[in-house]
Amino acid sequence: MEICKRGKEFNIDQLIIFMKFISFTTDFGAGSRGNGVLMAVALKIAPDAHVVHFADVESFNIKSGARILEGISYLPVGSHTCVIDPGVGTKRMAIAIETNRGDYLIGPDNGVLLPACEFLGGIKKVFEITNEDYMLKPVSPIFHGRDVFIPVAAHLANGIAIEELGKELKASELTAAPYKNAQIKNKKIECEVIHINKFGSLFINILGLTMEKFASLGKIITIKTKNKKISLPYKRTFGEVEKGKPIIVNDDFGRVEIAINQGSFANRFKIKIGDKLSIA
Amino acid sequence: MEICKRGKEFNIDQLIIFMKFISFTTDFGAGSRGNGVLMAVALKIAPDAHVVHFADVESFNIKSGARILEGISYLPVGSHTCVIDPGVGTKRMAIAIETNRGDYLIGPDNGVLLPACEFLGGIKKVFEITNEDYMLKPVSPIFHGRDVFIPVAAHLANGIAIEELGKELKASELTAAPYKNAQIKNKKIECEVIHINKFGSLFINILGLTMEKFASLGKIITIKTKNKKISLPYKRTFGEVEKGKPIIVNDDFGRVEIAINQGSFANRFKIKIGDKLSIA
Amino acid sequence: MEICKRGKEFNIDQLIIFMKFISFTTDFGAGSRGNGVLMAVALKIAPDAHVVHFADVESFNIKSGARILEGISYLPVGSHTCVIDPGVGTKRMAIAIETNRGDYLIGPDNGVLLPACEFLGGIKKVFEITNEDYMLKPVSPIFHGRDVFIPVAAHLANGIAIEELGKELKASELTAAPYKNAQIKNKKIECEVIHINKFGSLFINILGLTMEKFASLGKIITIKTKNKKISLPYKRTFGEVEKGKPIIVNDDFGRVEIAINQGSFANRFKIKIGDKLSIA
């Protein structure tokens, strides 16, 4: 690990092996200047990092943001920032979590970071971020993404100890996750919509493993919304039903997806994030 | 070429000369997590590559996607992935094309990759992708972009032989391109709208070279849609007509564009991708 | 500075210190191919640069674009391109500005680059871009972003002298900025909306410093639009008013923002970029 420290010559293998990885997820809007600024601030502090805008999330939607961050399991181990932060500048804490996989998750203490931790081996340590040495100053009361979260992510990527950020917290002191994993009970699963993608497909707080216990492939499932009952098959992929037909599948990130082949389930049945469903 | 292999020291010229280039084009929606994941997976496998999200395309629109990919001619020679893939997980093949320019195009066999090949010197070789050594496993039946196409693109960038991917195919075995180049016939061109951009400008399956044979700059052209006849001048650039006026120009990627100066042609005349036009 | 020139060996500190920085801001639409092409063309000419898509701007909106570019002050010193260019291919000049901070700003002479210069120490030099050696040829009359602005930005990042681009201009010869800083007069500020973000918050041509002179934190401010009078408190951050309530704050880039906590001010009061306001 000594070999590629700054100030030494290095070869391309060493460059590759030691490449830092930083991601950020926001609700600023795709193409927003806010995202460009986070990218640039990260590169200023850690110019030898890969910095990736991971995803843009519906405004203020902590539930959907939490679901999106579960996909970090597909990213390299690194420093991952989330700026869905309606409480910016108020008393809510800024936190940095170390996961058992070795990642750092940095963001507001509003629950948005917690579901991802389950997909990253669980929480190892949590610290409150109060050390201004790792912030851009003056800290804007309305943009902690730029002045607190991304600088801290970049400094962690550069190798500072998480202990330097502030005082250690217990996981139990954190604001709760915005959803739990739904369970099978009386041959039903009471669940909720935690994300809707661009295609209008619903993502549900049911783990794929739970769904596989609940039903076998090919089975017809009944979804009950507030006003409607919809029957659809549990299949592997969209093309296994006709265009325009509904389907339920294991999604691509460990959960369950309800979709229409080449159509929008959310639009047709007027469903939004946070809606409760009953699956039987 | 030996000089910058991994394990050797290198200088900045060598780094620059040997920099790999990977692009991906999808219909996930700008700012979608899917794009962030493709970026990250590519960088995990080829950390010494430039990875660029080339473009986002209208959902499921193979025609528009094919048109967009023609612009790869402006990118460095590299590995270019396209994930417009309504047939994911069904029997459609995954393919990798080597072009005469030296690029690899990787994606589903639904025609989307073919028009770009014309702009890249034509097809040299095509292989079906079946070798799981170059995939992320388990392969999700609904996200081959992440588990098949982008890993294959990154491995090709790393220098594996295209022959390792699976069996060789003939170009004639592939699903046909979603459009052909329209030709002049009886002083007319029967053509179609293959893409509409954010500004509402139409892009047509006519090559710029064909248009130049058909009319000289300054000529008034007549466009016939299903219900309307529109007269507009053939000019060099938008500012040569008044704001709000229609115009036809050679576009910036080898074809023909029909636009309104600082307005939306598609909205004003209710035109969508796939609509047939007659130009006289 | 000699130490990291091409053709020499270098170490990681040198790589980091000499990393070039290029940004581009456009109105092509987030996810548009145009952005992917600019990224790729920049990387072809300057493969050892960080290239960042800084922001996407409302179509043709020079006012909003100028406001967005003020945020370059948070980016590393570098070459920053703006392609909001309704006059492309007409007589309007292409220009490159050197700022006192050391940046290059490259774009059309339509005023869009000027407000940013104030945030970058002011204008040092301006040159017209006419030297075709630094352009992609043939130059498309409808896409100077690709063929003129981004290649020039990349060549400037590579170290060519700005003097090589064309003839020197006086700042006074340039098209005027699309707004000026509003001033306090008779206990009022007559001002205008120069940008609206995704959340529907308004950004105003008032410097934060001016606002601080005009009112102290906690004061109730009256905003007069064409048809309405709105009272709202001047506070530090959104969470200091209830969800759904209006507020005025110092924004995060040196100016003043009028918002609704977790809502859209622009939608509720039907305001658009360019609207005049009176603040008392």
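Order of writing sets the labels: A, B and C. Residues in every chain begin at 1.
One rule holds in what follows: contacts are C-beta pairs under 8 Å (C-beta built on N, C-alpha and C of every residue); 3 or more make two chains touch, one makes a residue touch a chain.
Everything numeric here is computed off the predicted structure, so don't read it as measured data.
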item	value
Chain C reached from chain A - shortest hop count over touching chains	1
Equivalent interface positions on chain B and chain C, same or different at half	different
Rounded Å distance between chain B and chain C, as computed from the means of their C-alpha atoms	30
Multi-chain contact residues (two or more partners), chain B	9-10, 15, 29-31
Residue ranges of chain A touching chain C (in the complex, touch as defined)	4-10, 15, 28-33, 35-37, 39-41, 43-44, 47-48, 59-60, 86-90, 140-143, 146
List of chain B residues in touch with chain C within their complex	9-13, 15-16, 19, 21, 23, 25, 29-31, 50, 52-56, 68, 71, 74-76, 197-199, 236-240, 249-252, 257, 261-262
